[in-house]
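A single structure is presented below for examination.
Should a chain be cited, it is by its letter among A, B, C, D and E, assigned in written order, with residues numbered from 1 in that chain.
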Amino acid sequence: MVAQNVVFGILAAVMILSAWKVVTTKNVVRAVLYLVVVLAGAGAQYLLLAQEFIFVVQVIVYIGAIVVLFLFGTMLTRAPIGRDTDLDNDQKWLAALTALFLVGVMVAVLSDAFGNTHIKISGVQRTADVANSMFGPYLIPFEVVSVLLLAALVGAIAIARRD
Amino acid sequence: MNSLDHWALTGAIFVPVIGAALLGLVPRRAELTLKAGALLASLASLGLVVYLMTQFDYSHSARLQFVANKQWIPVINSRYHIGLDGISLPLLALSALITVLCVIYSWDHFPEPHNPKAFLILILILATGMNGTFSALDLILFFVFFELVLLPMYFMIGVWGGPNRQYASIKFFLFTLFGSALMILSFLALYFKGGQTFDMIALRHTVAAAQLPTATASLIFAGLFIGFAIKVPMFPFHTWLPDAHTEAPTVGSVILAAILLKLGTYGFVRIAIPILPKAAHSWAPWIGLLAVIGIIYGALACLAQRDMKRLIAFSSVAHMGFVMLGIATLTSFGINAAVFGMVAHGLITGMLFFVAGSVQERYGTREIKRLGGMLLQAPRLGWILGFCAMASLGLPGLAGFWGEFPAILSSYQPAAGLSLTTFRVYMTVAAVGTVFAAGYLLWMLQRVDFGTVKSEFQHAHIHDLHVPEYLAWAPLLILIVALGVAPNLLFHITDGAVKAVTVGVHAATGVAAGG
Amino acid sequence: MLLNQFLFLAAVLFCIGVYGVLARRNAVLVLASIELMLNAVNINLVAFGAYRHNIAGQVFALFVITIAAAEVGVGLAIVVLIFRNRASIALDESDLMKG
Amino acid sequence: MLLAAAQGVPFQVPNLDYHALAPEIIVAATLVVVLVADLFLSDDRTWVLSSVSGWGLLGALIVVVELGATGHHASMVGGAYVVDDFALVFKGLFLVVGYIVLLMSSRYVEEGDYYEGEFYFLLLCSLLGMIVMGSARDLITIFVALETLSLPAYMLAGWRKRDLRSNEAALKYYLLGVLASAVMLYGMSLVFGFTSSTLLTDIGKATQGSITQAPLVTLGIFFITVGFAFKVSAVPFHFWAPDTYEGAPTPVAAFLSVASKTGGFVALLLLIYIGFLGRSDVWGPMFWVLAALTMTVGNLIALRQTNIVRLLAYSSIAQAGYILVPFAVAGSNTKSIHSAFTASVVYLLIYAAMNLGAFAVVIAVARKTRSGEIASYGGLYEYAPGLTLLMTVFLFSLAGIPPLAGAWAKLFVFRAVLDSGTSSAIALGVIAAVNAVIALFYYANISRLMWMNPVPDGDRTPIRVPASLQAALALTVIVVVVIGIYPQLFAHLGDVASLVK
Amino acid sequence: MFFLRNAWLIPAIPGACFFLILFFGKRMPGKGADIGIAGISASFLLAVGAAIKWITMSTPRVPVERHVTWFKMGGITVNAGTHIDGLALMMLFVVTFISLMVHVYSLGYMHGDRRFTYFYAALSLFTASMLTLVVAPNTLQLLVGWELVGVCSFMLIGHWWEEEVNSSAAIKAFITTRIGDVGLMLGIITLFYAAHRTFDIGILNRLALTGGISHHLLLVGALLLLLGVVGKSAQFPLHVWLPDAMAGPTPVSALIHAATMVVAGVYLVARIYGVFLTGLSIGPLGNGINALAVIGGITVIIGAALAFVQNDVKRVLAYSTISQLGYMVMALGVGAWTAGVFHLFTHAFFKALLFLGSGALIHSVHSNNMSDMGGLRKYMPTTFWTFLVGSLALAGIFPLAGFWSKDEILLGASRGGYPLFLWVGVIGAFMTAAYMTRACYLIFWGEYRGEGHPHEAPPSMAWPLRILAVGSIGAGWVSAFGFHGFPTWVSFDVAGVTREVIHEYAFSVPLAAISLAVAFIGIGVAYGYYFANKGPHGLIKRNGLARAGYHFLEEKYYLDALYLNGVIRPIQYPIARAVYWFDQHIIDGFVNGVAFVSRKVAGFIYNVVDQKIVDGAVNGAGFTAEESGGLLRYIQTGRVQQYAAVLFGAAALFGLILVLTTA
């Protein structure tokens, strides 16, 4: 158990640090790359929780697809590769305050609710179970999501297309 | 009752609006068709009302007749419940009659910006609203009709009105809506606190049975009071009235004065008092106070006026003060007087506004000091103005008297339990008010009718009455005389119904019934 | 492992995302911050799923991932559109309409 | 319990009732047909797409009516997807609204030289999301439905691609929408963490009564509500609405203000009346504040608007406030739960008609004036009396003046307030009443301009209203007037749709 | 019994004539006058028939009452109809007779008037109204007649309304009497309740006399009614309208003064005498003074005094009327019911005669002013002789009509225990004789001072004068020399009251002699002053006190000024304006203020909360930067993110509050 906690600790520290860099770095491309670190960290956490299918999806979809999208977006909007002093607006302090306030509320509530609750891992979640669930009780949302993705695809093209 | 009796009332209410819908299909240019259609619709409605009057059982005027009671909105237990008794019948008749006369009067002088189609449609919609309000026996239905009246009048003032019409119409609109917001809240409160029904008749019993706490009943009554008082209008809720009247086109003023103001007082007699007799009893001195303030205040304000219509408008405040005083006494005399006063004021002030409109049309102004010697140029018009002024100041032998005198009479001895001293003071003040009424009306008469023609109109071509005016006014003039000479024409209709109301009040306040 | 380890991590990530959304001018970076927030939610869902031994947590997270992908796609499309029209993706410049 | 025990259980074929699912299937099929047909149609024949979409919606509507008439109800996939009267009423509403928006937009899109096929396609996608929302009974389905109805709408808001305002509208709507759903998701995760179920009925059982970890549930409920409060543009989550409505193509604004908002309310109804019914101590005060703020802020800011669409936006914010009132007062007693539910449903139905109507008039008028300034409505009566009359009807209905439908909507709200009878409910009722009066000012002001002001530019050429728009106007005005005279029709629907039997 | 039972025809005929003349008058050969005269003649004949029937009826004479139900309301039934007794018959006779005379006379006097037809219509209505009042069996019908009389007088006084003086006089008459009517109305109401909800005059009198009504209520009722009487019968202090009412055509003045309008008040007192008798404790019960007598007494003196300073012949007569009405009221106030009523009867003849005579003068010289007359006895012999008869009758010279009735009043005052009012009566008699002498001198003696050639009145005017002169001579003989015709025919009998309430006194020679002597002294003094040019002429110029007194009289005791400046002007201008100002600024202002405040609040919400707090305060520094420079114009307003900030901020804040409050 200790090992897991140590791994978690390291992972968490890296993730938070990277996340912090995502929102503070002066370089757009670097920010996206830091995001990759956070996403990967999240994937690792899933593994830690023995949820392997979602780990795979996290790596493929997020790191594989979404990050690429981001990079494309960065390029398409001609962001400078180097430092850009103009990435933040002037409400940083307000933003920080809001975020701190929010995290305070969340943490307080969470520690009240699950102060000393432990997670007992009783085995790796099988992908088959995920599939059974996805095509069983969640069949309808699953089908609807297909329409959603289609809409996003068609719409995004229509919107972004030069005409 | 034959089958027509069941449908005649509904017909009288809805024929005008159906007519309006049909007129909507007629092209704007076919003016004659439009006018004929409107006349036909309003006459049909009047015809049905006349038929109802012939079928009405006058010996049981307290009983609701021609009742239709159909399911309407079951969810809130609101029904299409209409019917007539001795209180509503005269008002319904008045409303149907005035509508016809307004259509006739407008025949060839539509106010700017002309457009007879829209104008006539509005008149007909108004007619449905007014007829419906006087017939409704369900609070929600009443409310709907009550509000239905609002919009056409708003547009009538706003579109066909005088130079300051926008301000006046918005003011009218917001004032009355504010009142009706309170009114509907009170209706809902009655529904929830008083027996889960909107039926006015049933509520009389269920509210009594519900034993509302005094404070609640008082509060509900207050809501009703303000809602109705704005419409009446009672001091200090009257300020919309002069503006609305001054700016409204002639026909609008006539309808406003003759019918719309009655909706408020009718609400008191039909709803507020029978359903909440105890609260009415505790509020009565205050109503009376506002009523007599209105009498004096309206009269004094009249004396400061420079505009004929504005003067007549303020005189309405004073006259409706008499009506409210009668109601406040909660006696049979008083309420009979009030109902009579409503009808009389409708006829007389309606007539006065007609005349003011005709003056405006001929002279292009209603400013009293610019007019003069009208009797020389248009003697018939002038004498009719004089006649109406006399009727308005409560001359016995004309209709106005029977609204005022019994009201004053009744305040000598208000319903048991009300302070004699207070009401006798009111009585005296009201009686003094009659002197003021004579003052301002004769003053106006002198400036407008008498004297010589002012130089600016010396060579103006002022024609005397023309045919639509004859036709539109004759019934009113005849009725003013007829009701004045034979008040029983009206009292024998109202008396039974009014008695039922007062008996209810007396029963509720626990004192034996009196006059 | 404590459940709260994960929940706290998620909360912190979420709020860093919030900070990013509020403080960044660059629209792409705002979108990236949103991804941080959605990932935080996913960590939450997965952690609860593991804690409750309920597969629904993971399934929910999968839906979130899918939809997040669609959202990013749409978001980037809108950003590109704006960039094309005004040659800037600074969010605080989009203030034509107010009041 | 199926979900909770899913682990290690062999696959079970989900029970799908294709008859009950027919509306969804028809809409999905239609949108595919539209998408594909768009590829093969030449530019001058794209009008076919709108009629195809329209027929698809009507077909789905017929099925919905048939399902309702035959009383065909179904509960699928373990109760996560339910077709009942509630679902049918709202599906019907969404389909009709969708159809009317289609009527409103067909000429608009055609003449504006926008992408047509994709427009209808996205509209149908969004509608599909709404229809699904009506039946959704678990958190995941609700979430997916919400995103399905939102994502296409984000893009539709930016459909006037070359217009910076439209871009901005899309951006604002999108960003805030996504943020709101992130907050909502966080809340859902909390609720899931507490109840270990995504099924609303399970959540309802788990959260009622006295519970441990109450703050967690409270926060969860609130965060979820934030997501939908955004959708229904409740203050303080309303900021997007005026900007987006103004910038978006007007039919889309109409769609957002009616369909999308109703979608949000449907989700709220489901969550509150099924999921969190036992926690009125949380959502009672919450909705109280939301309702009071929404009504007041919406109305007050509306007073100062000069653009008609922005005004309608603030007006629709205020209207949302009235719809939130029953939520705030529902928790007092069993009776008030019923009447509050009915009030919300009836209000939504009536609101849809009157608000769509108002937007339809705006679209018609803009065809001539090319302006959204309220001042340009001066003297409308002189050259477009019909439109003026219609607009008046819609505005006064929104203002709640009988005998128009809007009055009944408010009446039902007040009924709910009085049924509750608590002092806080009464206070909210008073706030609502005061707001109703404030609202009159700006509604009446527009009608005043239209009827009584002179034409600003003196141009009195009449407005030609295309047939489709005429149909939209006719449909909405008929509803407003007929319901005004006979409100029982909708009241009945509000009653049968009730989730709380 | 035909005449008595169908007395309703008497008012009904002129009433019908009113409508006939109104609608058809212009098309008639006589322009409506023919209808009017025919109608009033018929009424007169009916009245005479009824009077004869009454006189020949066997005693005790029972009043004939017929009625129909007028209306039923609130549990009471009010009848309209006719109550015919001696008093009513006397009035019917007088009214129809005088009215007939006036109708005939007006043929000549109003010849060529542009509203000739209208004038006759109004005359008919006037007569009908008065007759309605007279026959009224209850106070309500009486009130109706009363008010109608008022409005007709308004129409007739203002007949020549082109000139503002005339219409103003009409308004003044109407308003002043209406002030009195407030009292009448309230009095009627008080008595209505006092008499257990009835307006019936018979019941009222019976209850009043038999103690059925508390004295307190009766006192209040009587005083209120008295206010009405003061207004209508031009008693002090509401007499101010009567002289102004001379603005009307002279035949109208005759009608108003002799038979209709002003005597209505006296008639009312006589009719409801029971109330006054008990309420004011008149007669033996009293202590020698009461409100009715006091008002009457004051009026006698002040009216007579004013008659001295008038230059307008009609005004002399008007003040004379005031004074004579004072006599009547005083008579009723001292318990001399019969005397008062009798004086009403005789006064009608000679006052009508005088007015019509003055009309003939005015017709002839085209001026009201006595300074434009003089020496007319040569030009207008008929007028002269008849006028002289009228004057002597008014002055109370034996054996003319005035002598008999005035004598009875003095008798009543002296025997009834009202010595003060005996003196008032005597002084009044002196003054009356004196001012009438003055008037006759100025008109008929001396040199003609006017313009043009005076001519005698045409026959239609002269004949009524002659007839009335005969009446003025003979009317008093119905109660003279111990012949008690009048008192037996006209008496105050109340059914069911056996008590003798009206005391009759035998003719007293000494008192008659005194009054006659006083009258002659009056004539003598005036003769000396005017004819013989003796006495302190020019006193007014020499003596300040006398000048002041003269001005006081000329200004009519400043009562008009007091009413105008003290009551009417303040109401018309400052008060009415203040009320209107209050209306427009305070009440309306409140409403507008509410709108203003809500607009401001909205503006505040919009400008400050929405635009500044959300928009500005969030990025405060940047906002000022935008304001100052504009360098960073495009960088500063990141609205979406501000929206988002609010979103998250609200989420956190509300969340916290909710958690804390529901935990």
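We take it that a residue touches a chain if its C-beta (ideal position, glycine included) is under 8 Å from a C-beta of that chain, and two chains touch if they have at least 3 such contacts.
Remember, it's a predicted structure, so these values are computed and weren't measured experimentally.
Enquirer: Moving only from a chain to one it touches, give the least number of moves from subunit C to subunit E.
Expert: Graph distance in the chain contact network comes out at 1.
Enquirer: Using mean Cα positions, find the chain sitting nearest the overall protein centre.
Expert: So the chain sitting closest to the middle is B.
Enquirer: Measuring between mean CA coordinates, which chain is farthest from subunit B?
Expert: A
Enquirer: Report the chain whose CA-based centre is farthest from the CA-based centre of subunit C.
Expert: So the farthest one, by centre of C-alpha atoms, is E.
Enquirer: Return the distance between the CA-based centres of subunit A and subunit C, expressed in whole Å.
Expert: The separation of the two C-alpha centroids amounts to 7 Å.
Enquirer: Would you mind pulling out the distance in Å between where the CA atoms of subunit A average out and where those of subunit D do?
Expert: Each chain reduced to its C-alpha mean, subunit A and subunit D end up 31 Å apart.
Enquirer: How many angstrom lie between the CA centroids of subunit A and subunit E, rounded to a whole number?
Expert: Whole-Å distance between the two chain centres: 101.
Enquirer: Can you check how far apart subunit C and subunit D are, centre to centre, with Cα atoms defining each centre and the answer in Å?
Expert: Centres of subunit C and subunit D (C-alpha means) sit 26 Å apart.
Enquirer: Can you tell me which residues of subunit C touch two or more of the remaining chains?
Expert: 7, 14, 17-18, 21-23, 25, 27, 30, 47, 51, 53, 55-56, 59, 63, 67, 70-71, 74, 77-79, 81, 90-92, 94-95, 98-99
Enquirer: Got the subunit A residues that touch at least 2 other chains?
Expert: Residues 89, 91, 94-95, 98-99, 102, 105-106, 109-110, 114, 125, 129, 133, 138, 141, 145, 148, 152, 155-156, 159.
Enquirer: Quick one: which chain pairs are touching?
Expert: Every pair of chains meeting the touch criterion: A-C, A-D, A-E, B-D, B-E, C-D, C-E, D-E.
Enquirer: Please give the residue numbers of subunit A that touch subunit D in the complex, ascending.
Expert: 105-106, 109-110, 112-114, 125, 129, 131-133, 135-141, 144-145, 147-148, 150-152, 154-156, 158-159, 163
Enquirer: Which positions of subunit E touch subunit C when the two form their complex?
Expert: Contacts found on subunit E: 606, 610-611, 615, 634-641, 644-645, 648.
Enquirer: Please output the residues of subunit B touching subunit E within their complex, sorted ascending.
Expert: Going through subunit B, the ones touching subunit E are 171, 175, 236, 238-239, 242, 297, 300-305, 331-333, 336, 373, 375-376, 390, 395-397, 401, 405-406, 408-410, 412-413, 427-428, 431-432, 434-436, 438-439, 442-443, 446, 449-452, 486-488, 491-492, 494-495, 498-499, 515.
Enquirer: Give every residue of subunit C touching subunit E within the complex, in rising order.
Expert: 18, 21-23, 25, 30, 90-95, 98-99
Enquirer: What part of subunit E is in contact with subunit D in the complex they form?
Expert: Where subunit E meets subunit D, its residues are 595, 598-599, 601-603, 605-606, 610, 614, 639-640, 642-644, 646-648, 650-651, 654-655, 658-659, 661-663.
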